[in-house]
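The structures come next, written out as structure tokens.
Same chain, two partners: chain A is paired with chain B first, then with chain C.
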Partner chain A sequence: MTAAAYTSNRSSGLRDFIPRLPAGVWSLSGFSLLWFGGIVLPLLAIIVVSFLQGRGLKINFDPTILQYKRFFSYGGGEMLARSVRIAGTVTMIELLLAFPFALWLAKGCKNNTVRLLTFTALTVPFFLSPAARVIVWRSVFGINGVVNQILLGVGIVDEPVLWLIFSEFSVHFGFIGAFFPTMVWPIFLSVSLIDNDFLEASGDLGASRLRTLLHIILPLALPGIVAGFVFTFIPMLGDAVVASHMGGNNVLMLAAQVQSLIGVSNFLVAAALAAVVLAIMLAFQVLLWLALKPVGGLAGVFASLRR
Partner chain B sequence: MDWAPTGTGIILGYCVLFILYFPIVMLMILSFSGEPLTGIPGDWTITWYEDVIFADIARREGEAYGSNFRIGDPLLLSIMLAFITSAACVIAVLIVGPVLPRIRWRGPFLVGFLMPLMIPGIVGGVGLFMWYRLVIHVKMGVWSLVLAHFVWAFPFALLAMLVVASRFDTRLMEAAEDLGAKPWQRFWQIEIPILKPGIYAAGFFGFLLSFNELPFSIFMRAGQDTLPLYLWIQSGAHNTTVPLIYAMSTLVTVASVGLTFLAIRLAFGGQNANK
Partner chain C sequence: MKHSKHLYFGLSRRHFIKGAAAGAAIVGAPAVLKGLTRRSKAAEKGVIRMLFTAPTMIPGDWTTFEKDTGLKMEDTVIKDDPGIFLTEVQVNDAGERFDLISTLSGTEQSLIDGGNIMQMEASAMSNWSGMPASIQSMPYLVRDLSPDAGKVWGVPMAMNADSFGYLPAKLDEPRPPEEASWSLVFESEKTMGRSSTGDNYIYLWEALAYLKNTGQLAVKDILNPSPEEAKATADFLIKRKEAGQFRLFWKIFDDQIAVMKNGEVDAIRCWEPAVNEVNKAGGDWVYATATEFYTKWMHAAYITSQVEDRGNLDEVYIALNWFLSGGYAATITPLRGYLNGRPDLAVDYANSNGMDDISATMDAAQEKMALKFAKEDFWFSAVPENLQEMQAQMDRVLNA
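Right, the complex of A and B next:
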């Protein structure tokens, strides 16, 4: 279907000089211009800014890699590696937890009430205040928190356990709960779209459960897995709340680093940091593109919904 | 299906959901407890809720009050931003949604529109801040918060709309045209009713995503605090206001859950389940 189908047959004097496109295409062009000029260009411009010099709000247009040198000499590399490592680990854990769950939800669960309740449970946290979701863990895991009270009371330990909060353990733990739905949803959607006939045919032809899983479900669910990876890993990498509430100063991650750089008006080093993250994300985009290519790209995913 | 996973996988999934909901439910219980910071419920009271409401009223009337928790301005700002973002998302998806699935070069558009999903919010926020503040020297203000929230919510709203718009049968529009319907009639009487679930979803995403947005807001503001920002800053400080944050977060959570249910009913209430 082409846009020309919308074109009106009537024409008046002025309209003969303007390409006869429907109103929809004009307004899309206008909005796109604003979006690309006001959002996409600024976000890409950060890469250019990161190669400039200056102090505070003044910048000189004089290319340099000084900001990158500074960033890495301040221990930025370690911070970045830690952030990517923690977000990557938790994302892999989420994938292992979410895939069987999503598969069951899409194809195994036949009870409508359970399905509806689980859907709601997976939707609601998405719209909750980020701080509200983790703030309580401090009272639970803190030195005088519930867990330590119980452990001391029962006599399992003699002194409060300190690594329960403000440690890498607590950061991982805080992330696992918060980012489960973002992994389940895309996998659930992609598995739901798999035709049941394929699965039955595979079984009828004598394939084992494992074979059906590896050769039918996994390839067809790949767009969902990649989307889940992206929707989980990327927000986790930039999360400002879990790392600061559960990790304190012991587990410094990306968001805290960006904030402290901006806080001391070190804008250009912050730009270098942002540019490095953008580069990682661009690599991700390529990965996503490659993963979605077999099904005709992102646009193809939506085309498949039209059936 | 005999190959669908059973047992461990399902139980583990619900365990994670428990880890997700435990702190939220605990927050609500503790907000009614006398000593919420110990993590142990009990000694039931509504004093924290009274403080949340009266501390700001007292401050506005110039009276002294035990707590300096002032929730009024952030709350009003967040509600205003949520309404503006919601309206902006509805208008934007109505512009983009119906046309995008039908143009040939939709790939680059889609990548551009969904770009904020590919960038951590904190980096997106700092990127926009750098451009507007450092490069073209514009002062931050409410406008920049609106922009930031729109950037965050629009990709989600667009995805919801595209799911609906991709199923849109354009032959309906041609039939309407053949039958003599004017463009605005086709828009109001065919497109809008069919796209309704997408419109509701866009408005709902816009509202709630803006209302709870944090990473972009950190940089795209000029002095004002949004509600999540205020709660986050206050909860980082180890002082007497933390119990009030429990109470306020409970109120926000209840409102968000209520809105979510309302939106699910609005979007799907009129239709029968198609499975």
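Right, the complex of A and C next:
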């Protein structure tokens, strides 16, 4: 008996039943299984629970749409529309602010010290608690805050401006500061990966700076823009800190609504809310797919990274 | 084009992944170890682990407790939403990690039904018998619970009758003990745009009590408002919100202090310790002697069912007895303005332990409490029958 045959004959028991597949396939299957068990199953469970009846921790299995009716009758529709509107608006503002900043950081800034300091400035806020990051704005925009003191001192207003805090304005402002780094980082990385030769070639061929920006930089930076959009918009929808601290609960948003439902053990309506949010996310996926179709879909966008 | 295997600053991808994995292990290890050891830690001799839902129940630190009992206290505070508390106890098995749990009275029946708490032996706590009969028989703790109505399930920790804070000089309103109306919070022109209340069902309930006591709403049972009454109250609050009455709806204790200190409001439904904190910083706030009603509440402590098997019941009773002692009374009342079950023991305790003279403070607190508890409305329960409907109506107010 050869050594190979001996080794082969030693294989027995459970191993005989496991298909002999390449390691990559096993990894893929493992991740798929984890993803299904850790992400898909809980989401399916939430959807199922949203169609049940019960109170607190006691649930009975009679299908109903009562929880959806309740959610919308208590102003849930307005809250969702408000959350999406605010998160969408701020994400667009972030994009307009972050793109030129990231472009400068990646291609314009030649001084490594300045770049390092900028990196630090973008990272430091993440070491603070989310509340600490926004609470400081209260003393700036409050009734006796710095801005009101200046406005009153200069004589622009006779009385303190109240809408600077505990309003939609202050919620927008709080989000802009808190989520700026999440938009900058992905765009910075994708712009950094653009080969300088492309930019120089574009200039050598007579393209203006604007034309180079629109036809070279922007398409190649698209993966970062898409990633920045995802990393900014979605966490913002789930943020409970800014709307509460800056909006004073005058501007109820998604996360605060979930907390409120959980706080009184209203898990079924919370599940209905989660299911509605899931539907909105799916709708956004479709919109994103349609929007990116002209450039070859999501695969086309990320193709630039394979250069 | 050749791909670089190095990111910025000469860091290779392999090293980056290794570093990230090591970092994750270092950061995650304490949490994992804590999870693995938490069951055994709950039974550690000489240590009482207690879950709180209000930081204001903690008497500054536990020095006095440890000196008086010889035990060590480890406290954990979570938010006082009943859903969060009940989930922590009933779903996350808080009893595996805590010997005592404490929250606002009213949750007892849920805890009994869930088998989460043990019935108590009042005789095991020497300070129990001296408690006034009115406190021993307060709603929820021992009364009307099934099974075994009349048996003891909880120990009173601290109680108060809540009202609101306001700036008497600025608003030209009287100082306590003269009465001031809740209208300063809900519908006064004097506080338009400069009043505030909280963001959950408790504060809708108080608006309902205000409407009842000012004859604006007929309420059948103030202890258990109906969904229709809750809706009518929400309609009232929405009208006031649209008129510009409220500056904000606060969420936590720190919010109350911050908006009072920053001058954002002139009247606010708040906890009494918030007024004390702001006044320590030079404020001129008073806590109202209210015209219409008070929110009478009690935080109570309960023994988790798992204690029976852990074998530290004797130590748990020593800890509970301390909450009924002069030691707790002499610390919590001067600090928070609350009363425990035995305020009568406080002065003697303070005198015999070399503390400042607190007799005037204790007298004032007891007088205040007698005055406020004499008002008929209303004893607050953490879990009223229509809790979810009440919160839903409050959400409607916040969404308006």
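One rule holds in what follows: the second predicted complex is superposed on the first by the 238 of 307 C-alpha atoms of A that agree within 3 Å, B and C clash if a C-alpha of one lies under 4 Å from a C-alpha of the other, contacts with A are read in each partner's own complex, and residues count from 1 in each chain.
Throughout what follows, a contact is a pair of C-beta atoms (placed from the backbone, for glycine too) under 8 Å apart; a residue touches a chain by one contact, two chains touch by 3 or more.
Everything numeric in this text was worked out from a predicted model, so none of it was measured.
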Open item on the list: In the superposed model, which partner reaches more residues of chain A, chain B or chain C?
Closed with: B
Open item on the list: For A:262 in the superposed arrangement: first (chain B), second (chain C), both or neither?
Closed with: both
Task: Which of chain B and chain C A:293 touches, first, second, both or neither - done: neither
- [ ] Determine, under the contact definition given at the top, whether A:244 touches first (chain B), second (chain C), both, or neither.
- [x] both
- [ ] Please indicate which partner A:149 is in contact with in the superposed arrangement: first for chain B, second for chain C, both, or neither.
- [x] first
- [ ] Considering only touches as defined above, state whether A:162 meets chain B (first), chain C (second), both or neither.
- [x] second
- [ ] Have a look at where A:79 lands relative to chain B and chain C in the superposition and call it first, second, both or neither.
- [x] second
TODO: Could you tell me if A:139 is touching chain B, chain C, both of them or neither one (first, second, both, neither)?
DONE: both
- [ ] Go through the superposed model and pick first if A:45 touches only chain B, second if only chain C, both, or neither.
- [x] first
- [ ] Report for A:69: first if it touches chain B alone, second if chain C alone, otherwise both or neither.
- [x] neither
Open item on the list: Shared contact residues on chain A, chain B side and chain C side combined as an intersection?
Closed with: 57, 135, 139, 142, 144-145, 244, 259, 262
Open item on the list: Applying the document's contact rule, which stretches of chain C touch chain A when the two form their complex?
Closed with: 1, 79, 81-84, 86-87, 90-91, 110, 193, 199-201, 246-251, 258, 262-264, 387-388, 390-396, 398-400
Task: Footprint of chain C on chain A - complex, ascending - done: 55-57, 70, 74-76, 78-79, 135, 138-139, 142-145, 162, 165-166, 195, 244, 248-250, 252, 256-257, 259-266, 269, 307
Task: Complex contacts: residues of chain A adjacent to chain B - done: 1-3, 5-6, 8, 23-25, 27-28, 30-32, 35-36, 38-43, 45-46, 49, 57, 59, 97-98, 100-101, 103-104, 107-108, 112, 118, 120-125, 127-137, 139-140, 142, 144-146, 149, 173, 176-178, 180-181, 184, 196, 199, 203, 209, 212-213, 230-231, 234-235, 237-241, 244-245, 254-255, 258-259, 262, 267, 270-271, 274, 277-278, 281, 284-285, 288, 297-299, 302-303, 305-306
TODO: Enumerate the contact residues on chain B facing chain A in the complex.
DONE: 1-6, 8-10, 12-13, 16-17, 19-24, 26-27, 30, 36-40, 92, 95-96, 98-104, 106-107, 109-124, 126-135, 137, 147, 151, 162-163, 166-167, 170, 173-174, 177, 183, 208-209, 211-212, 214-215, 218-219, 227-228, 231-232, 235-236, 242, 245-246, 249-250, 252-253, 256-257, 259-261, 264, 273
